[in-house]
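After this come two complexes, each holding chain A, first together with chain B and then together with chain C.
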Partner chain A sequence: MSAVRTEGLGRVYVTAERTTQALSDVTLSFAEGEVSGLLGPNGAGKTTLVKILSTVLLPTAGRAFVLGHDVVGETAKVRPLIGIVFGGDRGLHWQLTARETLEYWAALYDVPVREVSRRSVSLLERVGLAAWADTRIENYSRGMKQRLHLARGLISDARVLFLDEPTIGMDPLAARDFRGLVKELKAEGRTILLTTHDMAEAEAVCDRVALIDHGRVLAIETPASLAQMVSAYERIDYDHGDPGLAVALRQLPGIAAVTLQDGGAHRITMTDGAAIQSILQFLVGAGVTSLRTSRPSLEEVYVHIIGDRGLKV
Partner chain B sequence: MRAIMATARMQIRLASRSIESVMPLLVMPLQSVVALAILAHSGRLDLAGYALCAALLLTVGQMGLFIGSEIVAHDRRDQILELLVATPTPYINVLATRTILVSSFGLAGFVEAWLIARLIFGVTIEIHHSGLMAIALAATVLAGGGTAVLTSALFSLARTTRTLQNATNGPFYVLGGVLVPVSFLPVWLQPLSPLIFFTWSANLVRSALAPEPPQDAAFQLGMLLALGAGAALLGVHVMRRMLDKLRHDGRLGLT
Partner chain C sequence: MKFWRVYLLGLRMGMRDWTFFWTWRSWLGGWMLRLVCSILLWSLMGKMMGSTETLRYLLIGNAVTAGIGTFIVASCCWDRMEGTYSLLVAAPASLVPLFLGRPSIWAFGWVASALLSTALVSFGFDLALPWKGLAVLPLLIVIVSVSTFFCTAFVGTMVAATAPQARNIANNWLLILFSAICGINVPTAFWPKWVQIVATALPITHGLEAIRIVLSGGGMMEALPQVGLELAVGAAWLIVILCTLDRMTDRARIKGTIDFA
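Here is the complex of A and B:
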């Protein structure tokens, strides 16, 4: 059985100012025990999808199932099965301590009484808040609140976890710890669906990644093919006075374009990521001493994907 | 049951750690002192029991209207409502536990006023029927909590509830005979009084304070509980509709 399945899922928001089609005809399924990613830029519809799956938002079209249960008609069956972490640092009573918070939510999820304190302690340890367990949340930094949110989402020992941009605003070290945690959770047999707009994060932890933009799923990729896609669009910027160099470069295999950037640097974009080595050698041989490689932003990759395949997948 | 106990513990912690959530309790002594001083000045300290009754109903009422009624709006503002709705515990259980508890904190107003009368004005307000008083106080707390479920549900959509609260605050006390006995009200207003739970609560509390044997206490208690339960049931219904609407509109978390 798939852990998460949607059929023609759609969501329209109607406000006084505008009508937004946040999701259109999303049909996908994620297997049990996998870490799946929803990757997309801001406004893509990731949070909308996660909220529908979490039973806190109704779809305006189609259906969605968590472990076979309809998220609209069978909320009572779905809710005990899922743990949710919505991004950001809100959603906590700041007068409580971390331990009190976990104990409170444990009761709401009906965690067995004898389990609660052991589980709270081990979760606080796991997210690095053990030393702050009895400090009131009002004294926490944003990152600490986010880590507490993670622990809160895990307190019910749910089989399926929805993590909406869990690392947004975390420092890089905490984000790395988080990736380790996701791997542990997967090893415990949990199913995880996480949203992110960070390609490196999706690559690092996901078994499969759904690329989503403007409410549509554009592609579902493995991280390997995602990585390939990203490196295929990798580019090299170099500074060199001789315009003839650009002309010569354009003759090389694997080069899509050489363009003059604002500020005088040239940017090489490649059709084939494997060409990078020979291009770099060529540049160094031509006496270029100042060069940088950079990865495309998510938006740029989208442009390529949409350009390659059209809007319909 | 566990969820209810845990919610109660949580609410007590919130109250003991943030002044805003018990503000009416802090303001009450001042009001009681003023009321009693007026009675003392006019040589009517024999009416101190009325001041005590008013203090009780004002604090229970204000805790319900100002603190209890904001619970849903605050949960929404703090992005906690979505998380609560996503748990297996029905949100209404969390809400009702909290409003009843908040309402019960209002009993402190009774104790405060009693102590002020005793310590500052040297008047011992005697409770002649303590059993009836205990029942009246408990029923008042339940009715206050039940009513706050309804107002909390109604206020949940408002971005700012202050105006609503201020507008509703005064009339209820007047109609309920908290400030002056109902018989002092204009004749055309009097028919509304039986619909306000304060009316019955005030009658019961005054009977419990008076030396005479209480009259009609069972009927008054029944009315008090019926009004509280009526408001609570309506509140449950409104809250359910409200949550469905918010879930439908995508506005459970205030955006």
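Here is the complex of A and C:
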């Protein structure tokens, strides 16, 4: 059985100013026990999809199921099965301590009273907050709040976890630790659906990644093919005074374009990641001493995917 | 069992809200002082109108309801501000004990405010309140607070689900409504018939009537019908909450106003 399944799912928001089609015709299925990713830029519809799956938002079209239960018709069956974590430092009661927070949510998930203290202690240890268990959250740093938010999402021992941009605003080290935790949770047999706008993050933790934009699923990829896409569209920036070099470069195989950037540098985009080595050799041979490679932005990868598959945005 | 567990944890959250707002000193020196000043302001108006009867009416009406009705609507909306409302909705538990738990701390505060205000006023002015009446006053204030709590909690849950940004305006209008038509400053008989009918469905109206009876020397038996009506009004508002809470949150789920974070 799939952990999460949607059929033609759609959501329209109507406000006084405008009507937004946040999701259209999303048909997806994510397997149990996997870490699945929803990758997309800001406004793609990731949070909208997670909200529908979490039962806090009703779809305007289609259906969605969590472990086989309809999120609209069987909310009472879906709610005990899911845990929700979102990024940022909100979603907590700042006037409580960490221990009180976990007790509070444990009651809302009907965790047996004698289980609560054992579970809270082990969760707080796990997220590195044991020493702060009785400190009010208002005194926590942003990172501590985020870790407590994760512990909160785990208090009910949910089988399916929705993580909506959980590492947003985290420093790189904290984000790395967090990804380690996600892998642990997977090893415990939990199903995880994680949203992100960071390709590296999706590549690092997900078993499968759905690329979404403007409310539509563009593609479903493995992290390997995602990595391949990223390297295929990697780009090289170099500084060199001679415009003739750009002309010469354009003749080489594997080069999509050479463009002059604002700062005076040239940017090479490639059609094939394997060409990078020969291009770099060529540049060094031509006397270029200042060059950088960088990963493409998510938007650039999307443009390629849409171009390659003839999808219209 | 489950209901009380959630209710009590909600109440503890309310206690944390309370200490977030007040220390004993700021509660007495800020909040109580403000209440007493507003009672004195009303009594000044009574004095200017020159009748001791009016003065007594205003003093009793304002003192025994001092603070009642405050904070609940706002408190019902705080989860919206904290970004936890979505998590509450997504949790399997019913929202009823939660929305009765966290805000209810303020109703305990009402009882304290009203009793203290009445004590101060009866010392400061020669009201000659009968002992027999004073003996049942705490019970009557509790009853008025309970029924007002259910009414304001209904408004609070509705505002939280539909327009949380309007929580303070809604709370203020509600207080003005109580103070205008429930017999606090103006006898209900002053108003046109339809306003009186509205007042009948509101908390405070009947309970305050009962309080006025016992504080003017009437017996508890004489006040009993009004006490019964006050309790009935409270129960009715509770039933309204039970019948509408899920539907209110469903409306927010349909509209898409429940935010993550």
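In this section, the second predicted complex is superposed on the first by the 311 of 313 C-alpha atoms of A that agree within 3 Å, B and C clash if a C-alpha of one lies under 4 Å from a C-alpha of the other, contacts with A are read in each partner's own complex, and residues count from 1 in each chain.
By our rule, contacts are C-beta pairs under 8 Å (C-beta built on N, C-alpha and C of every residue); 3 or more make two chains touch, one makes a residue touch a chain.
Every value quoted in this text rests on a predicted model; they were computed, and no experiment measured them.
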Checklist entry - Superposed on chain A, are chain B and chain C clashing or fitting side by side? => result clash
Next on the checklist: Looking at A:Glu100 after the superposition, I want to know if it touches chain B, chain C, both of them or none. Which is it: first, second, both, neither?
Outcome noted: both
Next on the checklist: Contacts for A:Arg18 in the overlay, against chain B (first) and chain C (second): which applies, first, second, both or neither?
Outcome noted: neither
Checklist entry - Regarding the shared-chain residue A:Leu108, is it in contact with chain B (first), chain C (second), both, or neither? => result both
Next on the checklist: Tell me the contact category for A:Ser54 with respect to chain B and chain C: first, second, both or neither.
Outcome noted: both
Checklist entry - For A:Pro80, is the partner it touches chain B (first), chain C (second), both, or none of the two (neither)? => result both
Item to check | Contacts of A:Gly91 with chain B and chain C, given as first, second, both or neither | outcome: both
Next on the checklist: Per the contact definition in the header, classify A:Asp164: touching chain B only (first), chain C only (second), both, or neither.
Outcome noted: second
Item to check | chain B and chain C footprints on chain A, overlapping residues | outcome: 11, 13, 51, 54-58, 76, 79-80, 82, 84, 86, 88, 90-93, 95-96, 100, 103-105, 107-110, 113, 152
Item to check | Contact footprint of chain B on chain A as seen in their complex | outcome: 11, 13-14, 48, 51, 54-58, 76, 79-80, 82, 84, 86, 88, 90-93, 95-96, 100, 103-110, 113, 136, 152
Checklist outcome for this item: Listed in rising order, the residues of chain C that touch chain A in the complex are 2, 5-6, 9, 12-13, 16-17, 19-20, 82-84, 86-93, 98, 250, 253-254, 256, 258, 260-261
Next on the checklist: Show me the residue ranges of chain B that touch chain A in the complex, using the header's touch definition.
Outcome noted: 2-3, 5-7, 9-10, 13-14, 17-18, 78-80, 82-89, 94, 247-250, 252-253
Checklist entry - Okay, in this complex, where on chain A does chain C touch? => result 11, 13, 47, 50-51, 54-58, 76, 79-80, 82, 84, 86-88, 90-96, 100, 103-105, 107-110, 113, 152, 164
